[in-house]
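Written out below as structure tokens is the structure these notes cover.
Note that the chains are named A, B, C and D in the order they appear, and that numbering of residues resets to 1 at the start of each chain.
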Amino acid sequence: MRYKFLTAALAVTAALNFAGPASATDLEVTHWWTSGGEAAAVAELAKAFDATGNHWVDGAIAGSGGTARPIMISRITGGDPMGATQFNHGRQAEELVQAGLMRDLTDIATKDKWTEVVRPKSLLDSCTIDGKIYCVPVNIHSWQWLWLSNEAFQKAGVPLPKDWNEYVAAAPALEKAGIIPLAVGGQPWQASGAFDVLMAAVGGTDTFLKVYKDKDAKFAGGPEVAKVFKAADDARKMAKNTNVQDWNQATNLVITGKAGGQIMGDWAQGEFQVAGKTAGKDYTCLPGLGLNEVIATGGDAFYFPLLKDEAKSKAQGVLAETLLDPKTQVAFNLKKGSLPVRGDVDLNAANDCMKKGLAILAKGAVMPWTDQLLSQDTQKQKEDLFSEFFAKPDMSLEEAQKRFADIIASAD
Amino acid sequence: MSSSQRPSKLFRNLNAKVASIPMILTALVVFVGGTAWTVLYSFTNSKLLPRLHFVGLDQYHRLWSTSRWLVSIENLLIYGAISLVFSLVIGFLLAALLDQKIRFEDTFRTIFLYPFALSFIVTGLVWQWLLNPDFGIQRVVRDLGWTSFSFDPLYNSSIVIYGISIAALWQGTGLIMCLMLAGLRGIDEDIWKAARVDGIPMWKTYLFIVIPMMRPVFITTLVIIAAGIVKVYDLVVAQTSGGPGIASEVPAKYVYDYMFFAQNLGQGFAASTMMLLSVVIVIVPWAYLEFGGRKRG
Amino acid sequence: MVDVASLSAGTEARRRDAAGPSGPRPRHVLSRRNIFLYGTLIVMAVYYLLPLYVMIVTSLKGMPEIRLGNIFSPPVEITFEPWVKAWATACTGLNCDGLSRGFWNSVRITVPSVLLSIAIASVNGYALANWRFKGADTFFVILIVGAFIPYQVMIYPIVIILREIGIYGTLTGLVIVHSIFGMPILTLLFRNYFTSMPEELFRAARVDGAGFWGIYLRIMLPMSLPIFVVAIILQVTGIWNDFLFGVVYTRPDTYPMTVQLNNIVNSVQGVKEYNVNMAATILTGLVPLIVYFISGKLFVRGIAAGAVKG
Amino acid sequence: MAAEIAKPSVSIQDLSLNFGAVSVLQTLNLDVAEGEFIVLLGPSGCGKSTLLNCIAGLLDISEGRIFIKGKNVTWEEPKDRGIGMVFQSYALYPQMTVEKNLSFGLRVAGVPKDEIAKRIARAAEILQIEPLLQRKPSALSGGQRQRVAIGRALVRDVDVFLFDEPLSNLDAKLRAELRVEIKLLHRRLENTMIYVTHDQIEAMTLADRIAVMKGGVIQQLDAPQTIYNRPVNRFVAGFLGSPAMNFLKGRLEKNGDGWSFVADDLKIPLGTYQFDGQPEAGPAVFGIRPEHVSLNSGTGWPFSTAANVEVVEPMGSDTLVWLQLAQQKFSVRVTSERTPKNDDAVTVGFDPMRASLFDAENGSRI
């Protein structure tokens, strides 16, 4: 599962009204959405697609992107492509596209004016390679959220923090009450993601962009970033008693009040929802950790391998339009806890946290995320560094920052 | 294979050659060809898809300056040493105990061997559960009243590799025991009698007479264990996924992760070439000695 | 009928040494040797049995009991819910038919793979043992060394090979992959076994005019039941337990049981359902376990025949 | 030979051995004199090797006592019994040189180095294995290996040697050679030797006394000639001798003062036969060895009759002639020059003094 969140979103838009008769065709769709909230969201997509008269053959691959992606790539390169697949951001699909394995969706996009409906527009760029569009973004996911358990703070007798700094200050009280201050699961991407969030929130948007976009290694080794490492050190101390692996187990610690909070993307909201918790009452969300209210425009996208079978190709078109259909967008994103990629949909049903996100989005306070800025290779190295950092309390900040700067220096 | 210029030789044993085609194809195309392919591409900067864009030894430089790779190698050495020593010692000990004309031999043997039938995935999941500090052994001991008791190898960076070894030994020693037992049973009863008449104590008989006699068994066993060690992967994935942090990473996982996860095929190929290299250094001389030179007696 | 004189001499001697020890050497049930011997065995047996025990009791408990109780305590209230769920309703994504589908997939993968790999390897072993031709040993050494190559190294080249043949993603492809990777150890087994058979047999058959296949089918096969049993056991357990190939070379609707196990265990929905996980784990391990328990002694005997006489 | 052995070298008293419910040796008694060569002879499964293992202390006995040199060794470890043992499969330690093989036990026992060297030198000299000392067993021939195995017993400097079918793994020629060597060895060392074999030639040639065993019981313990000529029962009679003794089934009948054996139309007067006790009329088996029967040698025999030759088996120096006597198979051993042809009519003659009569039911000698 893990990669889904790192998955950057490729932007695109579209409101498709794909006309023409839809004949019943089985289309296998692979993805790694297998947790409770995710599965519920996928079901919405399947329902919508089945309603077109075709049949969604679910190809869920549990484990992680690490397990799922090789299978997907092997199948595409091995000549046994699925009908459609959830995938990561544009940089990785680039090679598949260059190898001529992916389907060009430009004609559909043009016909249905995706460029006009997709919001923010930057999403589209990630789907575009050499002027052609190869993927359908389905949602906007943002990483920069702090999820707090109201119950835990009540129990510890401290007021709910309004930002990261207050949260750190409250940590000793939480600990005293036998509560893990911060839940960070054992999967490497969680540690790495949390660090990126701290970079954006504590360091600020400029710092973030200077490091990850400009790949300024000298800056990455400098005092500005050292502040971020200091915050990461706080997080490391607060998280030291977390004994779980999966991100949703960590979320579950917050849901049950065993942990004070978690830095996690908006998909965590799906878990709260499945658990029947209400935003504002049972839990509180702080976008940008309450410090820097910006939304990163990551997300999930679907890619369509080039198929020989004409019926299936047609069904791919139907699926592409279904994914961007306003109704599907609403149903899917409500379950998933993510934001729709089109602004023209009605989201009255959205809860508090989602509305906060929508408001930030409406203000245009968006920034790109690491998945769009860095290669998978660099991301992996970063993950290795931060999972080690979080697991090893004796790893010094200087050493960690030096290694971080090295990674940025060689980043591509 | 034979060239067509010497048809008389080519057609000798023709059936045997035809029957060996799958083996020859496997050996040449898959094993030799696949290996060569991987080695070749380890000198490229292939990312998601293999591409012949050579970058010299860059991938290797990066590999050996990556702390995760170094940790992986270190873990493999520790895990390998533990596996070799303990599975040989425990396997032999169990076999020797079972060889004492004991009652219920079949029952004990069945008990020691059954984990071998289970996959590493299953093994990893079971031991993850047993070693879980909140539910497993640690909690049970604490519930008994020893509240400061701490046994959480899977959550402690410095000992996590031992936690994995425990599970690996659980799964694998039965087979070693079986091999050893077969070896012990293959030893002439008269040798034991002669040693007793000579007044040689049992442990000396084992050490100086029986074990040297079992040299072929030990070599076979060693090779089987060694093969398992280098490949260790599923167990780590199922039990810890390499964590906490990168404390239980192993080379096979590095290869897999960098090939598919980080989408840096070149790096993955370089790492796997290093693994191959170590395997080749150990195995080729052995294999040639064992199977190449010796003619049928 | 015993010599009378000797008998009387015996009586004499008996009188002489009436006080000396007689009969069996004294052996106490609780001798130090026995305490050590059985003590060690029992301790080890507990170590080996514990995980199975924990798996079983956990799979029979409800989640609340697991959270509160001790993993070793027997279930207060036995429930088969987790088993039913693991078998029939546990979800991976949208597929909520548990392990049942994976079970049948595994059967469909395992049976042909076992048959093909054993057929190939036994003929290989036979050719290597009895019909040596120039270069055969070299191929064999390559094969054995190949057994040590980490599978990860081969995944990519094999994808390419299968794609070129056009069987990537099919069951046939997976069966061939299993046959390839089972070949080294099986060929070794068969070669050693056939080598250990008396060569007179082989020569006699050749004198009688039997050819390569004739000897194989009529002489070697009927005499190789033990090694075939071992090969079958090794392959059934090996292929059934395979994860990596199953996950890479199949598509989701033909996933083997191990892959589904991983999917179910890793598809965490809220809290980890340890009881369902354990039930699923047992279910997945059941087939190899049954094979093992049924074949028991043959398994051990076969290992002796194949592996030891190297 | 039936003289009482005052100071037996090995004495076995009331020895029984059971494996679970199976009785392998039953209340067995055996005294072996100092310097005596005893052969335990019997078919496989008769318990002869088991008995040897009991004497060696390699098997725990169920009941009884074992004395060696007057010392009760029933509970002693093998090494403390003052025995050396030679095994059928040689049981040499394959990873050690011949010298190490010979010295290993001594070194473990802590015998001084020069003493070990002395003993090895002596054993090597006796067995003529000096050139082999630095070789490993795998580089030796079967005969050489067995010499080394004997050497290992020799260096232990013990009074009693136990041989467990030591020659069975050798081919016929080597076996004959080593047989003589063992005999010479015994003459030279004058040790007590207990030798297990199923080969009657070895038994006959080597033994001072033979103990013929069957079913865990010693059937007869006697000098080889006695056993050969006066077997105590039908089993012993049949087991020893090649070609085997002829057995005719019939009845023992009294006529007047004398007894005679009647089978079909055959009536053998037993005037010269020495009965073991008081005979009784009834079914009986008449046994006579083929070489104690003569063919066409006149009518001077206490008994003679006519018969037809059925098959002739030349065996080199001798020929075995098969006939029908009283509707039963009967063989006669003749020298090659006097061989009749198939279907020849011949006269068979013998002296019942050389025959053995057995009870038809329990097989014991009458």
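For this structure, a couple of remarks:
Simple rule for what comes next: contacts are C-beta pairs under 8 Å (C-beta built on N, C-alpha and C of every residue); 3 or more make two chains touch, one makes a residue touch a chain.
Quick caveat, the model's predicted, so the values are computed rather than measured.
The interface with the greater number of C-beta contacts, when B-C is set against B-D, is B-C. Ranked by how far their CA centres sit from the centre of chain A, the chains are topped by D.
Distance between chain centres (mean CA atoms), chain B to chain C: 16 Å. Centre to centre, using the average C-alpha position, chain B and chain D are separated by 56 Å.
Chain A and chain D, compared by their mean Cα positions, are separated by 92 Å.
Computed centre separation for the pair chain A/chain C is 43 angstrom, with centres defined by C-alpha atoms. For chain A, residues that reach two or more other chains under the stated contact definition are 70, 77. Counting only residues that touch two or more partner chains, chain C has 155, 160, 262.
The multi-chain contact residues of chain B, meaning those touching 2 or more other chains, are 256, 259. Each chain pair that touches appears in this list: A-B, A-C, B-C, B-D, C-D.
Residue ranges on chain C touching chain D, taken from their complex, read 1-10, 12-14, 17, 20-27. Those residues of chain A whose C-beta lies close enough to touch chain C in the complex are 1, 28, 30-31, 33-36, 39, 42-43, 46, 56-64, 67, 70-71, 74-75, 77-80, 82, 246, 248-249, 252, 255, 271, 274-275.
For chain B in complex with chain A, the touching residues are 47-49, 62, 66-68, 132-134, 155, 157, 240-247, 256-264, 267.
Considering their complex, residues 65-66, 69-70, 73, 77, 92, 94-96, 99, 186-188, 243, 245, 375-377, 379-381, 384, 387-392, 403, 410 of chain A touch chain B. Contact residues of chain D toward chain B in the complex are 53, 56-58, 77-80, 83-85, 87-96, 104-105, 108-109, 152, 156, 164.
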